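These are the structures, in structure tokens.
There are two complexes below, and they share chain A, which is joined by chain B in the first and by chain C in the second.
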Partner chain A sequence: MYTNDKKSPGTPILAVNTQATSPAAAREVRDRRRAFLLLTPGVLWMLLFMLLPLGMVIYVSFWTQTTFAVKPDLTTASWEQFLSSATYLSAIGTTLRVWVIVLLATLIVGYPVALFIGLFVKNRTLQTALLVACVIPFWTSFLIRVIAWRPMLGTEGAINIILMKLGIISDPLSFLLFSEFSVIVGMTQIYCVFMVGPITFMIARIDESVIEAARDLGASFGTIFRRIVLPLSLPGVIVGTIFVSVMVLGEFATAASLSGRKVNLLGNIIVSQVGSLKWAFAAVAGVVLTVIITVVIALALRVVDLRKEM
Partner chain B sequence: MEVRLLRPVLMLYTALFLLFLYGPIIILAILSFQSQSGGPQFPIQEWSVYWYRHLLGLAETSRVSQLPVGESLVRSLVLAFMTTVVSVTLGTMSAEAFRTRFKGAGPIFYLIILGMMVPGVLVGLGVALLANFLDIGRAWWSTSFVLHVVYTFPFAFLVMLAIFNRFDRSVEEASLSLGVSPAKTFRRVTFPLIFPGVLSAMLFSFTLSYDEFSRTLFTAGADLTLPLSIYGTFSVEIYPNVFAFGVLTTLFSFTLLAIYGLLMKRFTARSKSRFAGQEET
Partner chain C sequence: MLELKGVTRLYGDVVALDGLDLSVPDDTYLSLLGASGSGKTTLLRLIAGFEEPDRGEVLLNGERLDGKPTHLRDIGFVFQNFALFSHLSVAENVAFGLRYREVGRLENEAAIRERTQHALQLVGLEDFGHRGVGEISGGQRQRVALARTLVTEPRIVLLDEPLGALDANLRARMCDELKSIRERLKVSFLHVTGSETEALTMGDTVAVLAEGKIAQVDDSRSLFTQPKNPASARHLNAWNLLPGVVKGGVLHASVGKLPIGEQVADNTSVQLAVRFDDIGVCAPSDVPAGHDYFEATYVTGEFNGPTALSFFRTPDGELIQVVDHLSDPRLPHLEEGKSYALFFSPDAAVLFKGAA
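On to the complex of A and B.
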């Protein structure tokens, strides 16, 4: 079986290169060339259809805006108008405020759930089943999940009806729908999955014997949580934060359908400007959004190396 | 001691969380069976499937216009299929490349991952601007399609990367050096190992593209995809026909998920029995 009477099919190809270099080095060169060829289409796709368009957004933000068109004469007029307009500046403020609130809300809603699934559910099958139950809504239509909050939160919605039947309130609460509240509730529900997933993953990976050892040495649950579970779950929190942040910062659909036009995020500014063919203003808002997201991701990536966690 | 109390508290919390997650869609499903005279809220006047018939164009004409789902559904399915084929191919190729060490692996990794990170409204705007600049018409099968791949290719890539990381390259090499042809090696060794990954990557790509909305908004041109025609109804008053549509599209997603689960189960069962057979001989 182990005799060398059968040459491996790769040998004749290698023989060409072996005159100057060793077979191992030649193989490395060949492998690298192969990797390069395999990567080229994907990298080209991303450069042409992602980075180039993003560069285009920056470029157009310096174009001249006329009533219905943009001309490639470079100017900073759109920037000046954007940065001196109270509407646009308050959109930046709203975007940041909604982002921070939703981020905290997904963490508060998600962390205990992740803790339960990752640490307290020992049965693997049950653990998977619970995770799947959390992930399933991710596979249903995003817009439908947004719109599903309307019959829930409206003045004649399910929550108001239940509260009134229980006698807790006499008049329907009107702040529930078409307000910042409904936008935050909707976003929290839609995006908390991205917080629960990574944190559960990290907690479930903790070696059981480490916790047992701590318990044997007399550590209380508080100490175990603070000294073992929390630090080891932190990469999950960061990954979840990155996911939730980029999605919330680029949001506009939830605000558009649940706020009754009261909440204007940067994404909504972009959509309405494109709607009125103000491409240069839309581009300025886009660049501002890009800067904010880049800063957020850069800060998060300083804490954790995404590639190592995968 | 505290743990004993913590456990039921966390269990209750998780139950409430699941209610929070599923509550709205359950309410929506109940309201989709509202009668013709009822509005998109409680109470249910009378249980009926009127809005489902309305959605499918079977109901007699009414003051509520029919949702324009027919053609846009076909477009969305074709687009999702195209996206799946291209992004799974690109994802597998790139992940295969990442099995060898090379310079610049870090930046290229982040370049690919950026595709799922960058907000749809931003790249959508960028592609629309670029198309205008180059005087290319925008359409769902061109400008929207390339963006959908930008979005789903990273998912396929990550799934395939996880699969490739897990399997040992020497298995393939062993097969090759035992004189098995490369084609047969791929069919008997490589493919069975990566098949679960390919299936997951397909599921991700298809469902993400089928449901993708923000990347399509500025790039689809005149012909709308399914999410776009749904979004169009948001600005006007909503009727239970949107709810009925929501139920049907959710069922469709679950069907895909079930098919995926069945294929996965059959596959793992088969490979297990095969390995068991090998051990016996």
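On to the complex of A and C.
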């Protein structure tokens, strides 16, 4: 059939299209489409379950709180009450203090462990095995790990018994349990591994020949540690710091089970306020906590440019 | 002078170095040629102190080095991968030894800066001090590594395949520069390499490392033209080795009978070595007078630019190589699978006693 002279409506458009879209451009379009596709679930998730709730928390913190209900009438009453209450302000102080101490403790306990695994254990398999060993405590429930400290630290606990048997003390030490001390010990033990992991990875990445080069240039082990290993492991310290900070600042369970209600963290306040249906108040504490964590992470990221280390 | 006496290093059951003796005189460029896995890097690591020998002594100017910690040995080591400190700038890398070494540390910042700048000038990087080591090219990194080592004025400089990570053009240029830098500093360089051309180009003296021992130490030309043993000849990658047994003053090799120039007792195992470029090729009937020859089949050729390599196979499967020079061709047209006479002047052959 001679219908070629009578162009079908689709043909010219198709022709123009194939000419305009080079294979390279078509590939770029495909690549971009795939990138968007990969991005979508994450973006949706963050929108629905992070940004939206975060906005909601901020919004609710300005609602009017009555004894058993909140009403969406905007007021700064909850904020005023929170910021003028010695209890809540001291909770911020306690949270920050516990955070700093636990952070330092995880660093002091964790860094040598990471140094050992990353630098002195040459065998990669053994390195992995040791790192996995650090995670073994996580095979049991969080609560068991925390509560296990009670028979250790209690007045009739293992530590007191041993110290008394050795004759170092005559009366049991009472500050060991149900105190800020026990909270710090518990948290350090739980979160230490999050410090060990990232630091180990950074140290293990240091090329052996770099350390040998420093030795060859005449530097002693101490100098090499200070001038080479420590600076090169700093990104690991920062990542570990971010992990530990985020978890410790929002903590409530360790304090609840090991402090005997003597230590009030922001997390504990949120739990108790939610428990007594004081949503607006809980929201204020939540916003304060979010701001603190944001500032901490921002500060940590300023110390080391993580983009350079990726 | 650096001396190694009877140095042995074992890794489990594997013998890396086997009672090795070597001395590196002052103010010399000594290149050490060895195949990969021959223990040449191990040798350098023993001198630098990253490892200790199982037996033997390492002496520098009569002073015992083995047993001494690396950072007190005062020996320069240039790594194959350069091993630069990635968190420090070029200048900070170079200044590292001056600033942080345990003995003879410089406290005066101005002095450190001056010597660092001087070292950077020496390697032609005076304007790169502020750069990060990730922001410079491979060749420049090589120079930083060199400057970092040289600035501390080590008693001897060990270079572990220092040109291995560079491309061919750069390698040729660095060869010249390494030599001229060394001549200016008057310090001995011990340069380890697996490339025979690099070893011959660089070294005032070339040592061949084979089977954990030094096979031969000689100047480049003597080593190349008169290897003293099969191991040296093999490492030069320029000699064909024909193993055989002497009977009645004639070598019975796998390629047939060949006359030998010297008196050798009957039933002695020997290897006759003929250099790639000393062999001529012709039809079996046309062998020129006064030449020894054997027959082999032409397999294939390899064109390398100024030279061409031709491969022949002897009846028992031995591969024979012949080099022809593009500007001065000696070989006739060769047909694959055809048999040719490979002839050489009796003077060109070198006889090694002992089994292959």
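What we mean here is this: the second predicted complex is superposed on the first by the 283 of 310 C-alpha atoms of A that agree within 3 Å, B and C clash if a C-alpha of one lies under 4 Å from a C-alpha of the other, contacts with A are read in each partner's own complex, and residues count from 1 in each chain.
In the analysis below, a residue touches a chain if its C-beta (ideal position, glycine included) is under 8 Å from a C-beta of that chain, and two chains touch if they have at least 3 such contacts.
A quick note: this is a predicted structure, and the numbers were derived from the prediction, not measured.
Colleague: Looking only at chain A, is it chain B or chain C that touches more of its residues?
Modeller: B
Colleague: Touch test for A:210: chain B only (first), chain C only (second), both, or neither?
Modeller: In the superposed model, A:210 contacts chain C only, not chain B.
Colleague: Kindly classify A:218 by the partners it touches after superposition: chain B alone (first), chain C alone (second), both, or neither?
Modeller: The second partner, chain C, only.
Colleague: Based on the superposed arrangement, let me know which partner A:46 touches: chain B (first), chain C (second), both, or neither?
Modeller: first
Colleague: Can A:106 be said to touch chain B (first), chain C (second), both, or neither?
Modeller: After superposition on chain A, A:106 lies in contact with neither partner.
Colleague: Looking at A:32 after the superposition, I want to know if it touches chain B, chain C, both of them or none. Which is it: first, second, both, neither?
Modeller: First partner only, chain B.
Colleague: I'd like to know which partner A:200 touches here: chain B for first, chain C for second, both or neither.
Modeller: Neither: A:200 stays clear of chain B and chain C.
Colleague: Classify the contacts of A:228 with the two partner chains as first (chain B alone), second (chain C alone), both, or neither.
Modeller: second
Colleague: Jot down the residues of chain A that show up as touching in both complexes, chain B in one and chain C in the other.
Modeller: Residues 220, which sit in both footprints.
Colleague: Using the touch definition up top, name the residues of chain A that touch chain C in the complex.
Modeller: Residues 207, 209-210, 212-220, 223, 227-228, 231-232 of chain A touch chain C in their complex.
Colleague: Enumerate the contact residues on chain A facing chain B in the complex.
Modeller: 6, 8-10, 31-32, 34-36, 38-39, 41-43, 45-57, 60, 109, 112-113, 115-117, 120, 130, 133-134, 136-137, 139-145, 147-152, 154, 156-158, 161, 189, 192-193, 220-222, 242, 246-247, 249-253, 256-257, 267, 270-271, 274, 279, 282-283, 286, 289-290, 293, 297, 306-307, 310
Colleague: Along chain C, where are the residues that touch chain A in the complex?
Modeller: Residue list for chain C touching chain A: 48-50, 69-77, 79, 81, 83-87, 96-97, 100-104, 148-149, 152.
Colleague: Looking at the complex, which residues from chain B come into contact with chain A?
Modeller: 2-3, 6-7, 10-11, 13-14, 17-18, 20-25, 27-28, 31, 40-42, 90-91, 93-94, 96-100, 102, 106, 108-115, 117-123, 125-130, 132-133, 146-147, 149-150, 153, 157-158, 161-162, 176-179, 181-182, 207, 211, 213-214, 217-218, 227, 230-231, 234, 238, 242-243, 245-246, 249-250, 253-254, 256-257
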